[in-house]
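In the part that follows, the structures are each spelled out as structure tokens.
Both complexes shown next keep chain A, but they swap its partner, so chain B is in the first and chain C is in the second.
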Partner chain A sequence: MNRTVFLKLNYIFVLIFIYLPIFLMVGLSFNESKYFNQWTGFTLQWYEQLFQNQNILNALYNSMIVATVSTFLSILFGFGIALYLFRVKNRFTSFVEKFIYVPIVIPDVTMAAMMLVFFIFLSNYLEIKLGIATTIISHTAFNISFVTVLIGSKLTRKLRVLEEVASDLYANHFQVIKQVTLPFVMPALLASVILSFVLSFDEVVISMFVTGPGSTTLPVYVFSMIKKGVTPAVNSVSSLMLIFSLILVTGVLLLSRKDNLK
Partner chain B sequence: MTYALKFENVSKSFSTSDAIKDISFEVEKGEFFSLLGPSGCGKTTILRIIAGLEQPTSGDVYINEQLINDIEPHLRPVNTVFQSYSLFPHLTVKENIIFGLKIRKYDKKEIDSSLEEVIALIDLKDHLKRKPHQLSGGEQQRVAIARALINKPEVLLMDEPLGALDLKLRERLQVEIKSIQESTKITTIYVTHDQTEALAMSDKIAVMSKGEILQVDDPETLYEKPTNKFTSNFLGNPNVFKGVIKNEKFISDEFEEIAVSNTKNGPASIFIRPEIISFGFNKVTSPNVNCVEGVVEHILYRGSWLDVIVSVNNTKIEISKENNFDLSIPDEGEKIYLYWYINKTWVVFDDQK
Partner chain C sequence: MTRNKLNNILGLPGIIFLSIFFFTPSLFIFRYIFGSRTRTGKTSFDKIYFDSFSQLLDFNVVPIINKSVVTAFFVTLICFIVGYPFAYYIKKLSTTMKYFSLFLISIPFLTNFLSRTYSWKILVSKNGLITKYVSMFYDVSSLLFTDFAVVLGMVYVYLPFMILPIFTSLENIEDSLLESAKDLYANPFKAFYYVTFKLSLPGVIAGVVLTFIPSLGAYIIPQILGGSKSMYLGNFTVLQFIQASNWPLGSLVSLIILLFMVFAINLLFKFEGQRNL
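Let's look at the complex of A and B:
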């Protein structure tokens, strides 16, 4: 018997395990019947209802705002930190380098509780209301780490040499960044834009803790829908979110492949 | 005298160690000047100080009589060819070459004519539109040279530019670089650990060890008249013996008397280069030569030459002979006589640095 046959069976099993639920959910979102045990015909009505549901549209709008702004902020800060760790090597930066990764391994619930405590504490001194702003701040807090790691992985010795070459070829500090550093890290920069957008857009736990009335994000809204029962509306909104995320993640993969070709 | 580059008592220490100690030297305009030494001897540090990529801890650096200590790297009239080619991966070959001109906002006409000029020297016509990763190592290094050369720097710096290439290609590019340097008369500082490369290409060589320059001379003087033990040992592959010089004789544990042409007395080492030793099957007696008796221990066949290891008085002497076919090769175990000119026995006294 072929030595790889078990590996092949395992592979097929895992594929089914991963993709069957996906196809099931997407398929049922087109089912005319409300009930999952019968197929009565193809329909787009659940999607139509979705786009007429003002709550969902509001949640989508909130999610877009949160994801966009927190992505922008985390790129700004994360790139800054990565550059600092790259340019300055001393005891302090090697300390920072280790601790910047902590948010990646902190459990979501812990992170959420931390942020909530933080905001409540601050509200003693400042006027703070839980809402869009606090959600943006919390998402930025965990996205910075991912951005720092991703961009940091491109800030290598090779780049340092290229920067030296550029300054040897008459480029001043500003020109070095524009002509060499930015093009060199651009794939990682774009990848981290997409990644932090997806991470923020799909985030539930932290958002649930720090969001306020009227600023619910889409995943939080879907979660509250499920509490009332799994309806075709849940299927259709989840399918849309899935497709949206898939498109973005494919973007990341394509970028990293293009980068590897160099 | 007009010099293009001058180091005056330059030192550089890093937090853990001294990279270079109190270095002084001058390079004349148009000279091909090599810094030669084993890895970690500080030669690359000197290059980086000239380029402005490192700051000296103390001392002064001049280019064309101008003190450049405080001038930023991008304002210095020098260009570097780096060890690992280091082409910009996102730019084409052409964009790489004209990078320095574009940064300084030369107009299109000037850029085009400079590009043509440099391509006449370095053949890259077919590659201009390619990206660096589509080129071979040798081609990439040519681009790196063109990229530096196009700026017509006062001093061209080359940091082991051929280190990553295979032997054949290295030899071809040595000839190419040398002829470019001769036709452009550009002052060149060339860093290498490869002695044959330095000997073949340079007008002058500075031999370095442990952060210090031990000797600066033209290749021939350096090879034939090294002033110190390190240089004598580092260049070529000499037979070295430690002993004492007394009344124009070298005396050691192994040898009773080897005639030398030095009149000084004192503890010293003698260096006998393998290629100056001849051998025969009869004793040679002449006032001009030393002759010792030995037994052939090993013959290493190197293709174009032979290394013969002869055991003499409990020690070994290596000789090397061109493989020119009419040479009668002794057998291993055979008794032969080695002889060489007395004035070719190179002496370095222990008190010489």
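Let's look at the complex of A and C:
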């Protein structure tokens, strides 16, 4: 039974491989010593320092604004496109159905480059400055697709039947949306709210290109800290970002699981 | 009639937004490729230039493409070697353990990329756990800023991209097929190869594409683990935009990354199309 042993070892190895660095980093963020190879005692001082660091607080504030606004916009646009693709079938919609995947699969470096050249080119003619607004627009541009695909996967034949029944019973268009469609897609809608928030909150490369001075987002700021070296400050801020997205993502996974069981 | 109009209006705002802020920007890349960098770092458009193409050779971009492709290849290979047995193992677990394992693998799939790359940096730094282990066999003081660290870092971050699609396709194989293979006196190896492995190929191809593409265009991982001296396609592009102000060359290289992606995805669809026939 060599094979089973090998498979089991590989399984354990992969899980350790994935989780060891994360636990190590979170653990080190509570280490009193500045050096990561010695443990001198438990402390919260690195977290306290974090909340006194004005640069980090500003970056966090920018990130929150960007993530909130771009989530709101992408839900608005993405949900609309998903419903449109669900209800209308023609040549144009089948093109949109394929094109909608491009912002998901495009390499982030390529998307960052094209957003930057676009905004700079426009700034020759319009009053545009790189900053919060350009970051929100860029994040919305890739988040729409995630929302459309996620909600679209829940728009099934079952919903179509329910909607037909409702309109046969003389519900008007808005009543159908409000009383049939919305409750039906609610879990997927919530999941896409969380997902687009997380995607925007964690995004680095595109933000790095399209933010201006003073509008740096948290990951861009942390990235510049990381490049300098391994420090307690980076340990604690990275741990916080990781735990934050961990909680949200667990929420998404639980939501979609509940939805599948239904 | 009014209902149809309403349905059309639902999708309109989003489609207009994407046309202006996604489709149009992608066209600008093409305009920039045929621009020329002036001395001040601005890009001139007064005629069609081909500077960026000749600079591909002048700036030694070809070895960088080579290095990126080789790195992405090894990352994909290691992810496959480790990921396939993992997916195969969890397929056979009890339902609860299976979903718990899937849950554990999916979490890093979506959580903060930057923090995870950083946590890997701690391990390969001077006195880091992995460095200590490797230094028992080789004479190294720090693995940071080596290609080894970059490859392992990419494997670390992209492994779930390989495991999840393979698991999905393994999960769809019916056990009765394996049983009939055994009834027909196939030995375990043959049964595995002709039934399990061949039927899981779509998942393998999807996993290969999903690992290869981000490894090829990666910027953050080489930057954090490889240092500023090691050049990959992703860093080279960013360098052209942020420091060198050579936007035409940067645009061209970012387009090359995109072309690799399109090529890989086409391969994926071609393969799936063949299977459906």
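One rule holds for everything that comes next: the second predicted complex is superposed on the first by the 260 of 262 C-alpha atoms of A that agree within 3 Å, B and C clash if a C-alpha of one lies under 4 Å from a C-alpha of the other, contacts with A are read in each partner's own complex, and residues count from 1 in each chain.
Following the convention adopted for this analysis, contacts are C-beta pairs under 8 Å (C-beta built on N, C-alpha and C of every residue); 3 or more make two chains touch, one makes a residue touch a chain.
Note that this is a predicted model, so its numbers are computed, not measured.
Asks: After the overlay on chain A, what do you see for chain B versus chain C, clash or fit?
Replies: Here the two partners, once superposed via chain A, fit next to each other without clashing.
Asks: Applying the touch criterion given at the start, work out whether A:Leu162 contacts chain B, chain C, both or neither, answering first, second, both or neither.
Replies: First partner only.
Asks: Where does A:Pro183 make contact in the superposed view: on chain B (first), on chain C (second), on both, or on neither?
Replies: first
Asks: Quick check for you: in the superposed arrangement, does A:Ala113 touch first (chain B), second (chain C), both or neither?
Replies: It touches chain C, and chain B stays clear.
Asks: If we overlay the two complexes on their shared chain A, which of chain B and chain C does A:Ala171 touch? Say first, second, both or neither.
Replies: In the superposed model, A:Ala171 contacts chain B only, not chain C.
Asks: On chain A, which partner touches more residues: chain B or chain C?
Replies: C
Asks: Angle chain B-chain A-chain C between C-alpha centres, in steps of 10 degrees?
Replies: 90
Asks: With the superposition applied, I'd like the minimum CA-CA separation between chain B and chain C in Å.
Replies: 10
Asks: Which part of chain B faces chain A closely enough to touch in the complex?
Replies: Per the stated touch rule, the residues are 51-53, 72-75, 78-80, 82, 84, 86, 88-90, 99-100, 103-104, 131, 133, 147-148, 151.
Asks: Mind pulling up the chain A residues that touch chain B in the complex?
Replies: Against chain B, chain A makes touches at 158, 161-162, 164-172, 175, 179-180, 183-184, 261-262.
Asks: Which residues of chain A touch chain C in the complex?
Replies: These residues of chain A touch chain C: 6-8, 10-11, 13-15, 17-22, 24-25, 28, 36-37, 73, 76-78, 80-81, 83-85, 87-88, 93, 96, 99, 102-103, 105-110, 112-118, 121, 137-138, 140-142, 144, 148, 173, 195, 198, 202, 204-205, 208-209, 219, 222-223, 226-227, 230, 234-235, 238-239, 241-242, 244-246, 249-250, 252-253, 257.
Asks: In the complex, go through chain C and note every residue touching chain A.
Replies: 2-4, 6-8, 10-15, 17-18, 21-22, 24-26, 28-29, 31-32, 82-83, 85-86, 88-90, 99, 101, 103-108, 110-123, 125, 127-129, 156, 159-160, 163, 213-214, 216-217, 219-220, 223-224, 233-234, 237-238, 241-242, 247, 250-251, 254-255, 257-258, 261, 265
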